[in-house]
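Listed next: structures, encoded as structure tokens.
What follows is a pair of complexes built around chain A, which joins chain B in one and chain C in the other.
After this line comes the complex of A and B, so read on.
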């Protein structure tokens, strides 16, 4: 009996010692050296995890793979970023792109095509040389593919995946992403060439103020004079140069993850990239509209390289004067309509 | 039209060169994020 009591005392005593040790363990054992909560600690308390999340801190553990960033179990900023790209960005993109499409359709129905009021003269003048058109089309075709593949990243899952099915959408999205990554290089080169090629004609001046005051000849039937590029074209130029540079830089930060920035920088780069890109798409829809169905004779400038002299007189009178002064009226007007400047 | 086609060809050529360059610089995720002990 006495031996049984002694054994019981020993067992109870051992449990008391173990319990005392567990209580006495310092709180630092549940924290990483950097102060964040370690969820793999043996006695982490739920309240500690909640407190860490409330204060914006991260919850990290330990991993054995080379990428130590994967030890981060929960990072509250990631929730804000997910909310942005799953909800906020879709609203911004939908409003920008659909809003612009609605405006353009309404404008076309109300105003109609801007006609060449004096009609075709049959005499042509070179508007863009072959290299300028080459750079424009290289940048433009890349932009269209970049825009479609980029919009697929934002809108593909809710809009396309239900139509295509998961397997087909995955294959399409993968190839779209390859195209997005690789075509960014000729696009960036194109934007750089555009910057150098046309900066001389795109510095804002007083003529632009007058052009804007008179509605640019698009609202109403006025024909305010302009040099080679009017205020509207200058806006497009600077949108392409500044917007293109911004999407290129933010895009390359995403393409080379964690080379130049941490996770917060990556999230910021994605946010900047996405917002500028959808606004860029909306602006380019306006550019495509006015360069095609919006204005009679406009597409020929970039399609063939030449425009009708009457078109130049109506929309770029000051530029026409400069060209005629430079080359002489016979030189600049000699090209017949059927001879594109290839 | 000739200029447009030439621009498209140039874009594809530059993109292809960029693709090879990128693949030379970066490893696929399954290699970049695994230990040396993992056999793939």
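After this line comes the complex of A and C, so read on.
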């Protein structure tokens, strides 16, 4: 009897398993209505993958060739980068560079040159030594060439190519690219030297707040006191150091493709590089203006390395006091002009 | 004129990589560059699919739009070609391309980019058709000989189709109707802003 029960249980159990399989099977085989197998029922579909894509992501798989970066199949984010490069960047660049130029021209016409009010005394004081001037001009020369060759990549096609023609423009752009790549090295070294050389005088302090409150004497004839570098110069310093570091890092990511980033990283690096670069150019236009035609007696500081004592008194009174205290009045008058004023 | 396109029927592709090899051989593609490659999606999982991908010769091609020296041009057959004489190797077409088609031989300093190389649809470049100069820079100009790209011509399962977009779309539609399934024309939405309804 017990044996009979066990057998019945076995038979019922077998039927239950069979029934369960019979129900489950058609679902797992995924057949078409006519009974044929549909191999795409579980297949990947492009639209699903595109819909699931995060912004900046790509549909990728596996490739059997050694070039593993070719495993990216579709990468739609290039469209956004194209929009940035062809439209957004041109607007940002044009507004930044032309805007700054317009401001400077207007400022020059309205305010005019900042004159040396007490006139030249004829006594000179050393402001930048030979090494400082060398570093400045190395960085500056590189910057100008980098700026022009960089702007050429963005604005050359609409502005310069119609004038030069395709062939000549491509040849120039090729040399500009070489220059851009090579001169990035002395530029980066220059920025690093600037960082080390002048960081001592460029830490913001209370004097800067006062200087900024009085508008730096840019408008009117005020002369707020300053140490070696006033708040405006400190701003330029930090723009050079931070902006220069940012363009250098983002630039090297582009120059050495795939060493550190994939394609999304390079698109981002190009975006950062271009935006910072055009703002950098705009800031440097302001720097060039105030260092040349904008202020009487300013260029000499970086030209010959010395400034007139009256210039120092007007623009960097606290620095002059420090220098006088350090070297004594006779020391600072060590370099008489060819025709002494006295 | 025809509007030339590629179409990879992923349900037929067996990932044999013959298209990759044929392209490299036919066009003497530089070392380290593959104008065409086969990508396997969901490799080893149920429903994996392999797709042979190269330059799709996009409508309103993004590479051409971003090129700072305008070295790209579109032929009467809607094939997107470029001039290696004008190319400066800046890499911008690569940033913009949705298919990773532009590649650069590492000939420059610091291993940086040389003149860009990509699939020409076996249609050469701006030089006169089937000259030695054209062959050396871009590979064979099969289109000028009345032939289609070799990758598609020799595909053993006829998965990769090349030819006029309307005709290959029609062939694909008929296949899908007959066999009852199809995973779609990969890349068409991105390249041509249209897809084949199946």
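Methods note: the second predicted complex is superposed on the first by the 262 of 342 C-alpha atoms of A that agree within 3 Å, B and C clash if a C-alpha of one lies under 4 Å from a C-alpha of the other, contacts with A are read in each partner's own complex, and residues count from 1 in each chain.
Assume a residue touches a chain if its C-beta (ideal position, glycine included) is under 8 Å from a C-beta of that chain, and two chains touch if they have at least 3 such contacts.
Quantities reported herein were computed from a predicted structural model and do not represent experimental measurements.
In the superposed pair of complexes, A:209 makes contact with neither chain B nor chain C.
Judged by the touch definition given at the top, the superposed model places A:78 against chain C, while chain B stays out of reach.
In the superposition on chain A, A:183 makes contact with chain B only, while chain C stays out of contact range. Shared-chain residue A:142: touches chain B; no touch with chain C.
Ranked by how many residues of chain A each touches, chain B and chain C are led by C. In the superposition on chain A, no contact is made by A:199 with either chain B or chain C.
Looking at the shared chain after the overlay, A:134 reaches chain B, while chain C stays out of its contact range. In the superposition on chain A, A:67 makes contact with both chain B and chain C. When the two structures are aligned on the shared chain, A:59 is found in touch with chain C, with no touch to chain B.
Residue overlap on chain A between the chain B contacts of one complex and the chain C contacts of the other covers 64-65, 67, 70, 181-182, 255-256. Within the complex formed with chain A, the chain B residues making contact are 2-4, 6-8, 10-11, 14-19, 22, 26, 32-35.
Looking at the complex, you find that chain A touches chain B at residues 64-67, 70, 130, 133-138, 141-142, 178-179, 181-187, 189, 255-256, 305, 342. Taken in their complex, chain C has these residues touching chain A: 10-11, 15, 17, 20, 32, 34, 37-43, 46-51, 53, 62, 65-71, 85-92, 94-100, 104, 109-113, 180-184, 186-187, 189-190, 195. The residues of chain A lying in touch with chain C in their complex are 32, 36, 38-47, 49-50, 59-65, 67, 69-79, 81-82, 85-86, 152-154, 156-157, 161, 166-167, 169-170, 173-174, 177, 181-182, 254-257, 263, 266-267, 270.
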